[in-house]
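Dropping a structure here in structure tokens format, bear with me for questions.
Letters A, B and C mark the chains in the order given here, with residues in each chain numbered from 1 onward.
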């Protein structure tokens, strides 16, 4: 008998994976993520070295220079972090509802279009009023763009991932349409800087006169948005409804929550905030509109929002990391004669590792013969 | 080695955490016989069979197939030993045809020759008398047709031993007769069959031998010829055990809920509730007994406004005496009127709790709309959570700790505690003590009795007959969606209820 | 008209490859949003491979060029698929997020090497692999001139071999999914992994293979784009990414059927190039015309979800990780 039992045990699978029964302490979870990040940096360093035979450490130093070397660079880094953070904040309500809004790219663009249109057509309005109109227009445009997939999800359960994905490209073509409409100068295939002389509709400096030397307003607006979104999700009835719907539609119905309405409302909100990010990108940064206004940040923000578990302040960290990589790599490109796309490679590697480390936070891996408790990672 | 037995299980023990699902169980299955595995809910029947099917692996004990010791670690191992199980929840791909599902995962040679497969399926169907269209898509099929596909799937794979887990629970009487005919054909062909059921007349009708389990223990086996409904009931329910639940007499009973001729039909058109009539009184506990799936869930949901009603009346009489028709009211309004339901589903979290939230967040599920303005009022739910945490001794690190990670008993305390805290006039609870240890169960019983003493009408849907007998004042017995009897809990016996639970009302007979 | 159809078919072939690979992957339940990245990887790997071969060999042999390009392309994009598979299947990462990351990574790698190649090629700053590109674009002139200039022969026979390979592949995939046991098992994995598992199918193995092979096939789309469409060079203009997303759209448009993808791809091509053939169109209106494939896909998606015909729905297990113990 005992022999047979032993035989049974010998065939136990080599590796057993099980969901962690207990929550991991926060420090340990972050420890694992940091280990993932360090591994990623090591792997990136090896990759860089293999490609260009340059000392990776030097490269990282140079990246730092690129992102924070001068006060102007620092401000640009901050500005872009804020835009990315704003988009990630837009995604948070949708993701909290387990609604896969991959359409931020498009929502940002339509917000940008609305902003640019106001800058072009309403330049005679008094400035405060113009800004108000711009902000409202961008929010409404983004909101509509988000509401549409929300409506179809609520009404016919149309797959939201695919729907929002398609909406992106419709928005991109729409942008191309407006770029062609507003082309300036003719034949340039771009809108050029809007109101280059008058700077009407440009978000001004906060700490000094003029434009483009600090981006304090961007910081204030986005941090405000981040705080409001966090409060909205954690402290309001709407936020509560979102969490319940995200957890189980059945339970939501049991609690008397109107599930369809929550879907539509939340997606409109998600799109609206993304539209506001479009406003920032146009009025607060580039002062122009192009199909690159969102520049893939609608997609990057998905990763930021997901990794941060819908906590908008944690998003700040991830957004800063990604923007830092981007800025840094542009610097390497010029100073080492490399190509700026190296930043995407490094971002990719780092994100792969950070994503992978989530597994070790959520699951327990047990090797055959290991004592109970098992080996983590 | 040629053995008389197709299957032998010796000394099988299986534990889930601290719960012993099977304790030192023996079972033999002879070739060419139909064996009934009989027992109440939670007696460990399905667990035992899952170990034959490769779903679970026994902690102790040994399985023999044809006299050879074997180790069954996966469904594939089970197939290789010629064992096939038809689960209650069908494992079929909806958009595939019957034939495609039948050959799924087989490593037969050659390309997918649909004609040849269909022909082979028809041969099997003819041999045993199945009614099956190999080219029909699963999603177009009725439940009974899906079941047929599952059985043919197992036979196609050359199974010699078939295990059917409560196959008749989803069938009409006519379909059941058909299934039994097929089973007899299979037996005549030399297959060995095990049927899990708790319907006694079916046991007597179809099987050769009966094995009875109770609370995870092997009780005994008898040839069907020598068994009667009475003797089987006795084996199944055992001798009454005194629980000494405190049961005061009802105080000032008055009708709170009157259900009249309630009929409900599910998505597939099957009658889940059939002409159900009863009255729940304030100040008493009304028990609802019945084997699993007799309509308990549907009844509670229909009253709560979560299940569509085809016909009949649900009348609610609050303190002021004006009757309220609950039909057509939305769940929120019904709950506001003072009706609380706590249904503990098999997975415990399915309805009524948000797994990712803590106790405090779950308290809010009832009260989140309270107050004006956009913000949540967290103070009261937090306080309530603290009270329940303390009073019901919920084991949790804190009121923000996700309830999904709590143990089953604690989850139930949270759920029941919340419903009681709402101060309802009608409190409905289903399987409130499912999977709980004795002490916790008593905590829940006392809570319910307290409610009764406050004049609340308590509806208690339970599994354990002993508890129903000692806790409730009256018991409504459901059987196949119908009320097969209403008894006084103080005067009735286990046997009487056991019989009512398993006796379908004959057509035309009056109850 | 003929020239429109001709350019539509060339265009369609790129996204057809992309979509075919994605169909296989999605049929196994993996929504790989890394298609653009994978197409990038396939494009650059093929280009780099033959670039060095042509650089180091005085007289490159066309057939060897083709083989090198195909092997490099497939290997690189399948490797991209492997990374995705490991993260989503073994480590159970979210599919959407992982796929998007793969797109970022793939386009980074491709544009990095592509840019560097351009630099290596020196002077004009444009890399070129004339022999390979010539081999990829070769067709039989006799057949192509049937019916005179720009006529039926031109329409049917004037493409490089990969355009035909794509059609054959689509038919093969259709045959595989519908007529073979392995194809049946694959679809079961995507529809209902728990059922497939219970039926003794190795879910993990199927998911891995489908995703990696699918990625390899998608990568051919990128290869065809560099070798044939733009004639053996590299452009850092992000076109491949746009085409990659169009390939994802095509999967939906074809309702996960590879045969539908063939004509769908050409239809997308017609929509894309139509503006050239509509007289009096302003440049801004043509941008609206380019929107058509996406709008049509969207309408179809809505239509399909409204009609609820089971066969047209996405695979039921699409996007969900499978973990046996979480039953």
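Definition applied: a contact is a pair of C-beta atoms (placed from the backbone, for glycine too) under 8 Å apart; a residue touches a chain by one contact, two chains touch by 3 or more.
Everything numeric in this text was worked out from a predicted model, so none of it was measured.
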{"item": "Graph class of chain-chain contacts, one of line, ring, star, complete, other", "value": "complete"}
{"item": "Pair with more cross-chain C-beta pairs in contact, given B-C and A-C", "value": "A-C"}
{"item": "Centroid distance [mean C-alpha coordinates] between subunit B and subunit A, Å", "value": "46"}
{"item": "Distance between the centres, which are taken as Cα means, of subunit C and subunit B, whole angstrom", "value": "49"}
{"item": "Separation of subunit A from subunit C, taking each centre as the mean of its C-alpha atoms, in whole Å", "value": "27"}
{"item": "Complex interface listing, subunit A residues touching subunit B", "value": "1, 4-5, 7-8, 11, 21-23, 235-241, 243-244, 247-248, 250-251, 253-256"}
{"item": "Complex interface listing, subunit C residues touching subunit B", "value": "178-181, 183-185, 187-188, 191-192, 194-201, 310-311, 313, 316"}
{"item": "Parts of subunit A lying in touch with subunit C, wherever the complex brings them together", "value": "17-19, 51, 100, 102, 152, 156-159, 161-163, 165-170, 173-174, 176-181, 296, 299-300, 302-303, 306-307, 338-339, 341-349, 351-352, 355-356, 358-359, 362-363"}
{"item": "Residues of subunit B defined as touching subunit A within the complex", "value": "57, 60, 62, 69, 71, 73, 306, 330-332, 335, 349-357, 361, 364-366, 368-369, 374-376, 378, 401-402, 405"}
{"item": "Residues of subunit B touching subunit C in the complex", "value": "74-76, 79, 91-96, 100, 103-108, 111-112, 137, 139"}
